[in-house]
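In order of appearance the chains are A, B, C and D, and numbering begins at 1 in each one.
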Amino acid sequence: MQFKSMIISNVEVSPGYWRMRMTAPSEFPAAQPGQFVMVRVNDAIDPLLRRPFGIFDVGVHTPAQTGAASQPYLEMLYRVVGKGTGMLSALHDTDLLDVLGPLGKGFELGSPKEEKIIVGGGVGLAPLYLLAKELVKQSPVRLFVGGRTRDDVLCITEFERLGVECYVATEDGSLGECGLVTEALVRRLAVCDGTPRIFACGPHGMLNAVAGIAAQRNIPCQVSLEGYMACGMGACLGCVTPGHHHSNETPDYRCVCADGPVFDAAELKWEA
Amino acid sequence: MQFKSMIISNVEVSPGYWRMRMTAPSEFPAAQPGQFVMVRVNDAIDPLLRRPFGIFDVGVHTPAQTGAASQPYLEMLYRVVGKGTGMLSALHDTDLLDVLGPLGKGFELGSPKEEKIIVGGGVGLAPLYLLAKELVKQSPVRLFVGGRTRDDVLCITEFERLGVECYVATEDGSLGECGLVTEALVRRLAVCDGTPRIFACGPHGMLNAVAGIAAQRNIPCQVSLEGYMACGMGACLGCVTPGHHHSNETPDYRCVCADGPVFDAAELKWEA
Amino acid sequence: MKPDLSVSIAGLELRNPVMTASGTFGYGEEFAEYVDLETIGAFVTKGLSLRPRAGNPTPRIVETPGGMLNAIGLQNVGIDAFIEKKVPFLRSVATPAIANFFGNTIDEYAELARRLDAIPEIAGLEVNISCPNVKQGGIVFGTDPQCAFQVVTACREATIKPLIVKLSPNVTDIVSMAKACADAGADALSLINTLTGMAIDLERRRPVLANITGGLSGPAVKPVALRMVWQVARAVSLPIIGIGGIMNARDALEFILAGATAVQVGTASFINPGAAQEIAEGMEKWLAENGVEDVKSLIGALEA
Amino acid sequence: MKPDLSVSIAGLELRNPVMTASGTFGYGEEFAEYVDLETIGAFVTKGLSLRPRAGNPTPRIVETPGGMLNAIGLQNVGIDAFIEKKVPFLRSVATPAIANFFGNTIDEYAELARRLDAIPEIAGLEVNISCPNVKQGGIVFGTDPQCAFQVVTACREATIKPLIVKLSPNVTDIVSMAKACADAGADALSLINTLTGMAIDLERRRPVLANITGGLSGPAVKPVALRMVWQVARAVSLPIIGIGGIMNARDALEFILAGATAVQVGTASFINPGAAQEIAEGMEKWLAENGVEDVKSLIGALEA
């Protein structure tokens, strides 16, 4: 779907991290957790390409006023890292954006019996909130969230409000435990009943570690990847990532945009 | 001078024509009538080059409130014709612009004894208001203003308020006389006492005609030209116009930006 | 009155001059949600090789001022998988599909031309000669008139279908390249392919692209593309397909004035997936508003 | 600690690697209000010819996506007026002034080199070889290695000052051009000059530029320029001056990583007249923040 979206609000939720709510077409709230959008920052050629962002939340706003039409919306949680995100952060409510989405393949939710473990690093939390919202409907959900400092740990209250149990780790110890979030994850896995299911999104190093931890323990694990994207729909082959059996002789590149961004960790090639 | 200017107001004064007031440094109000500014529309590379605009007005705003600092300002009157002017028209008060100026050579005002005749076409009126403001201090001033339709005749009330006598002609007769402004000019010159002095700005065809009329009658005439500009300060040689004696053997190109934009019409080469 | 947008290129009748460019429109299916394929003139497949190609490691793309660099490395499914998995879709579309292809040797080019010639769903062939000639120390076919002549001659002998040769802009003299391809029997020329460029990650002190260099496309290259189309159109009598930075109908019409009979839309489809259709519609609108009855009257109509 | 920004090019000692590009900074004086000339490494004059040149009719410039085309036609006051009217200003500036020049024949080039060699205020010479060779049917000197070799040889014999050759990017093989100039005795190479391009006015059905084609500069060309600097730096041992789309200190540092010893700032000075000084200051700041003590340690330091 391609649509013109109007910004409803655009707020800095932590230094350098912004949350934007914007209008969406009525079909949009059916988006799967883990899918993403490609946003055109302006009508000019600078920046030229669209920017990909996870879908943080979707919903329908029903105005208090009786008679007013209810308004579907989507939310993004983004970090200002460069030109495009810098320009996004300067936008105001009522400004318009051209949006493409929902795109890609989202998370498979698994069965109600399993414990659900969500692992997020920094702004990697973005697509995990909508996921948690779905998962809490059927299972206990634990969130392991890491960041460099306290400022990189986002929206914990929102997750707690869903009934998610949250474990926080920061590299500088400014919030929660001092260290990497994977350490807390490993401890939890040691005591957890049955086979849980892991969902992870964050920096590549973190995903690599989580995939290794899951593989060792034979735990199903899905990861959401990033990649430089031009088209977002499987046409340019810019965003690929090597599949598990990939080699130059037996090429097996997957499109992050169309085959992912969510992959079963076991399908992909990881660094040892 | 290069300075960051804050937009004070930006208003559509006639369909497609806008008037922008913006802050200026304290030296700016010394700008000569006929000088111009180069405005950087945004910080991105689209559009890449600055856009040149005449200085419509300058002044110092003294706030009613006692104690508040007085604020020098400049005004531009511009027509939306393309990307840059389109973006300018979308700006709001408190938005910032990077401005270079005042640039170029302005009008020579002449002596108090002469009648002053100002000829403007369409948005060519822009640099003529500040000129009129100076001229009325010493001489009777008549304005001959032309446009395609009524909508292209701008800011007449402002000129009238200065005490300028205004003659209007439109090509479709929707305001003032039906026809070209040069016809009214010729009639006036026929009855005028002594030698007046002409100042003109507008489409090239109009300037060509005015220069011809002035030359025939030996009347001093200054014209303000446009030209595609990159630097606005005599360095790129993009904006040149041929001088009266120009030929390939004896090149005599003048920079519109640095030698002009105001030229004595007799210095330039005109089409016969 | 509805203006006539139809053009004919190398025996292909197109309902309008707007095609999609190889490598930017997948195999046609990917854009079905955004472009009604029957509103555009033709579409061109991703470049095909004899065997599947892995392509380059990532990063493969990077944005640059007004453009982008790509070093996909010609990843593609290979001719066999193309025939098996992608051709069936083509049967359902009443718009000419043009197969773009490349090889590493002249024999590979000829073999591919032969295989593609046998596929009824393929309306025409576009040879990408911007590839290194492995037998001649890696010199790019499309940068040497003699190499280009040889490869086009070999393809010409292998197909009776319309044969379009896609020229590389990374040359001193685009006209001599065009002439060599014309002499070798090309039915049409398409230009430009990407300009070779590079981007650097200052903090990491490395090239951004894993492949170091990549191909520049997008609005940034439009002036170079227009110039080359104009030069070639004046020197060679073959029909030309103009490519390079076309973002809207006005850009497309500029290429036609410069001498192109048709155009291809590349990078624009990434930014606006409906670009090709919108450009075709925008051209029709412009022609109607400007009283031009037939787009063919604009081909090469530049007063210069 | 203050980082060391000094570099040496062809025997010229520069306080920092930032120069201004020919044709974009007048004769130095024009920018005095915006750039303290003693904060930059060197500045290059507008291209000089033996006799004054009228240049092309207007329009001479047009904006393009992320860039601009110019067809100034090398308008300049000529060497005599330069000596009389512009050189006196150079005396007052403690920053090397480099004279850019061009001819229509090899003899003209040599004659200019001789005349400039005699001017004490000129610290070095930059030969613009992107000009047509009128004796050889108008082929551009800088697009043929043999022509380039001849013209550089003639200049070399005419001057003992540092001789920089400025390369045209409109070639298939920039490395062979660079080698030809090195073999002919150039002390340094500067690249790139502008890419030939064109813009069209759709409504008027005419080229925008009176000259039809013009030279593309600005951010749009940066990827092509970086690639060429990198290719030449790996192949030739002469110091290189990187040029093309440099808008800020980061761009300049990218060129240095690619192998440039210094850079030139062109189009950026039109958009921000203080660009050259700001880039020099920005480089110093970046080096300090990143713990780089000497800019020379970054030259060619790209890990590729």
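Just a few scattered comments:
Here is the rule we use: a residue touches a chain if its C-beta (ideal position, glycine included) is under 8 Å from a C-beta of that chain, and two chains touch if they have at least 3 such contacts.
These are the chains along with the protein names UniProt gives them: A, B = Dihydroorotate dehydrogenase B (NAD(+)), electron transfer subunit; C, D = Dihydroorotate dehydrogenase.
Bear in mind that the values here come from a model prediction, so they are computed numbers and not experimental data.
Number of steps on the shortest path from subunit B to subunit D (Dihydroorotate dehydrogenase), with steps defined by chain touch: 1. Chain centres here are means of the Cα atoms, and by that rule the chain farthest away from subunit D (Dihydroorotate dehydrogenase) is A.
This structure's chain pair with the greatest number of C-beta contacts is C-D. Chain centres here are Cα averages; for subunit C (Dihydroorotate dehydrogenase) and subunit D (Dihydroorotate dehydrogenase) they lie 34 Å apart.
Between the CA-based centres of subunit B and subunit C (Dihydroorotate dehydrogenase) the separation comes to 47 Å, rounded to the whole angstrom.
The centroid of the Cα atoms in subunit A and the matching centroid in subunit B are 54 Å apart.
The multi-chain contact residues of subunit D (Dihydroorotate dehydrogenase), meaning those touching 2 or more other chains, are 65-67, 218-219. Within subunit B, the positions touching two or more other chains are listed as 45-46. Against subunit A, in their complex, subunit D (Dihydroorotate dehydrogenase) makes its touches with residues 65-66.
Against subunit B, in their complex, subunit D (Dihydroorotate dehydrogenase) makes its touches with residues 23-26, 30-31, 34, 46, 52-55, 58-63, 65-68, 70, 72, 75, 218-219, 247, 267, 269-274.
Within the complex formed with subunit D (Dihydroorotate dehydrogenase), the residues of subunit C (Dihydroorotate dehydrogenase) that make contact are 64-67, 69, 143-144, 170-173, 195-200, 202, 204-207, 212-213, 216, 218-224, 226-227, 230, 245, 250, 253-254, 257-258, 298, 301-304. Of all residues in subunit A, those touching subunit B in their complex are 44-46, 83. On the side of subunit B, the complex with subunit D (Dihydroorotate dehydrogenase) involves touching residues 2, 40, 45-50, 98, 100, 227-241, 246, 248, 251, 253, 258.
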